[in-house]
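Just below sit the structures, each encoded as structure tokens.
Each of the next two complexes has chain A plus one other chain: chain B in the first, chain C in the second.
Here is the complex of A and B:
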């Protein structure tokens, strides 16, 4: 096989996809956690419909975000342990591009499939169809930003003993703009305003992260490798 | 000057004679400032005596964000010129900043209860201050999370620089959003809008807090330097597990 950019790209995506396919446990973990949260909320808030409609959208969001966070900080950890990251570091391709590909693959194969659960949970919690539609769009865009933030955090915590303790502290403050603008879209739809300005701001945040995150992650991976 | 002081030994020699006087200054300024603010300043026409919380709330808030700024500047120095002393300064300032940010939130909620009627609102200013507190926690957490303490310096420095985004948000949150927190009244384009009699004790308190934070950071720097010497001594002796 000839070694050029295209072939390396395809090989990389194939390798990542296979590794996600083989660790299907991770994906099942997310789903089980999500279902647990969705079931627990109506039991703790009380089954009355008025109370639930106030918080139903938030419940879906919390279920998605909280269940993603434990996997977010493990984007690089297995590659770091079995030496793949060093191979990436010495490969002719820029580390930033490899990180970008890894984030995209993570987003595409692990996070995007979760969107099929949004309609199911939303119907369980009586969310109107228009909002379900917008929720899926926001989640698809916002989760890319979320993955990029997770890439920063997981590369910063490479080699630490207590990753689970620090990473939520790192992820939450950085992800706040995504929550604010995502919520802005839903609020605008609920009160019949134009949701597009907030959506554009959300896309802006994700684009800024798309530029910054690979640079920071590559730098901190280099630091982690030279220890 | 900075190059001269960047050597730990010269730095220790430089601060030895002035360290004690900085401590005395901080004590004096805070003492005078507390006296002026508690007994010799006017009541607010709306808030009455509770306005006196301001004289400690504002210095705590200012120095919580100012210390974060100095940590991130020291981190930039550390990442670019790789000088270990910048890292020691950043590490020494972090616990103090964490305490200041927690105390800002505590005094603010004590002030908010009588004035706004709640301990806490999810207001832009308050939330961004809480995020600053979380950044401090994350900084301290990540700088101590590695088996060898030195390995945590660079990730922590990167985090400190990333967290700098939050500082302008704290400063301008009262202008950008419609908040319950009052707008800026000291650093403004058209000069301070605060009463002269209230400004004097506040300025004295701010000076006192400046000296106090310098004093405490100097003590922390000395402690960290001693710890570093101890580590290198252990390395010389050949005990591997540091």
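Here is the complex of A and C:
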């Protein structure tokens, strides 16, 4: 029988797109959580502009990361319960490629809209424009890395009952390189050094994850399905 | 001998354990190909596990499964459908979208006409724009079974049906029988688990676990 690979891609993207569109409360959760953190931080630091400029960049980053992590371990869980992961397994397209597409769609529909909010929050926290610009670039690249790490952790915890305990513990250590190189870029810009070396390292980490993550995820999904 | 093996499905000396429980030990079955095979057994006797094992979702501990000669795993995945007992439709999508995306994932034609035709045959065309979460279990089952009613499904080698008659009304059962007969006439093999006593098909083999 003739297999049309274009149709597989169309179907996959259509399914992901519609699922995200209909569960928009997930996205709203992230935004509300993020706004809460960013509003609460200046209140607790106190009315000193010096202190705030010292920590403002960190606040934006922490707010973004903390609000994303709870959604990362839910990439596969609903598909696993619905039996769609099995349908992916039966598809003629390699499971690794399907996972890669799923991660990209997740990144595109949940994380990229968040980057719109970075300039807004950064203005609220009095962050200079040059750093806002770099923050957006780093976040766009780094969040792809987060999604790929999330994919590994989400697939590893598919069979277990209490996923929300294990996933953050798995995600945080793996995410440290992204934190370090991401912050390195901003620190370099602040002190007038060349930010590119750190940016290249950040891209390297993401490229390595791009290769490793689908392989590990596909392997652990197959284990979860055939258990 | 080789030609006979080519269109046969044989389990040789299979044993399977899940966790600590032994489900089969040294199981030998030769299925009727083409034809209808009805797998019977008590609850927990391993009917679903048998289907999942044949469909490669479970890995047998020992023994060999001959799936139509030596089909490669990827070819076998494209040559059969497994309809499980509980629905595998996404709650967030409508019935039509579910079926369309399912066809797409198989690499088949994405034509909505054939989906409408299939739903119409099962008598659930009016529910096509309902979200799956709003549908009753009978309608979900019919939507699931209408995957079998596409032109491409009849060209496959094998259908694995896990209790397809659950939740179905009389019309649904009649139409399912009709498409099963059509598939067998087109040289298809069906493995079906069932608790029904009365079997209306002409040519079938009962396998007791």
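Here is the rule we go by: the second predicted complex is superposed on the first by the 224 of 227 C-alpha atoms of A that agree within 3 Å, B and C clash if a C-alpha of one lies under 4 Å from a C-alpha of the other, contacts with A are read in each partner's own complex, and residues count from 1 in each chain.
Methods note: contacts are C-beta pairs under 8 Å (C-beta built on N, C-alpha and C of every residue); 3 or more make two chains touch, one makes a residue touch a chain.
Note that the coordinates shown come from a computational prediction; the quantities given were computed from them, not determined experimentally.
Shared-chain residue A:204: touches no atom of chain B or chain C. Of the two partner chains placed around the shared chain by superposition, chain C is the only one that A:225 touches, whereas chain B remains out of contact.
By the touch criterion defined above, A:156 lies against chain B but remains apart from chain C after alignment on the C-alpha atoms of chain A.
In the superposition on chain A, the chain among chain B and chain C reaching more residues of chain A is C.
Look at A:26: by the touch rule set out above, it reaches neither chain B nor chain C.
In the superposed model, A:53 lies in contact with neither chain B nor chain C.
Put simply, chain A uses no single residue to touch chain B in one complex and chain C in the other. Across the complex, chain A meets chain B through its residues 152, 156-157, 159-162, 165-166, 169-170, 172-174, 176, 216, 219-220, 223-224, 227.
Those residues of chain C lying in contact with chain A across their complex are 56-59, 74, 77-78, 82, 84, 86-93, 97, 100-110, 152, 155-156.
The residues of chain A lying in touch with chain C in their complex are 1, 3-5, 7-8, 10-12, 14-15, 18-19, 22-23, 78-79, 82-84, 86-93, 225-226. Within the complex formed with chain A, the chain B residues making contact are 131, 134-135, 137-138, 141-142, 145-148, 151-152, 154-155, 158-159, 162-163, 166.
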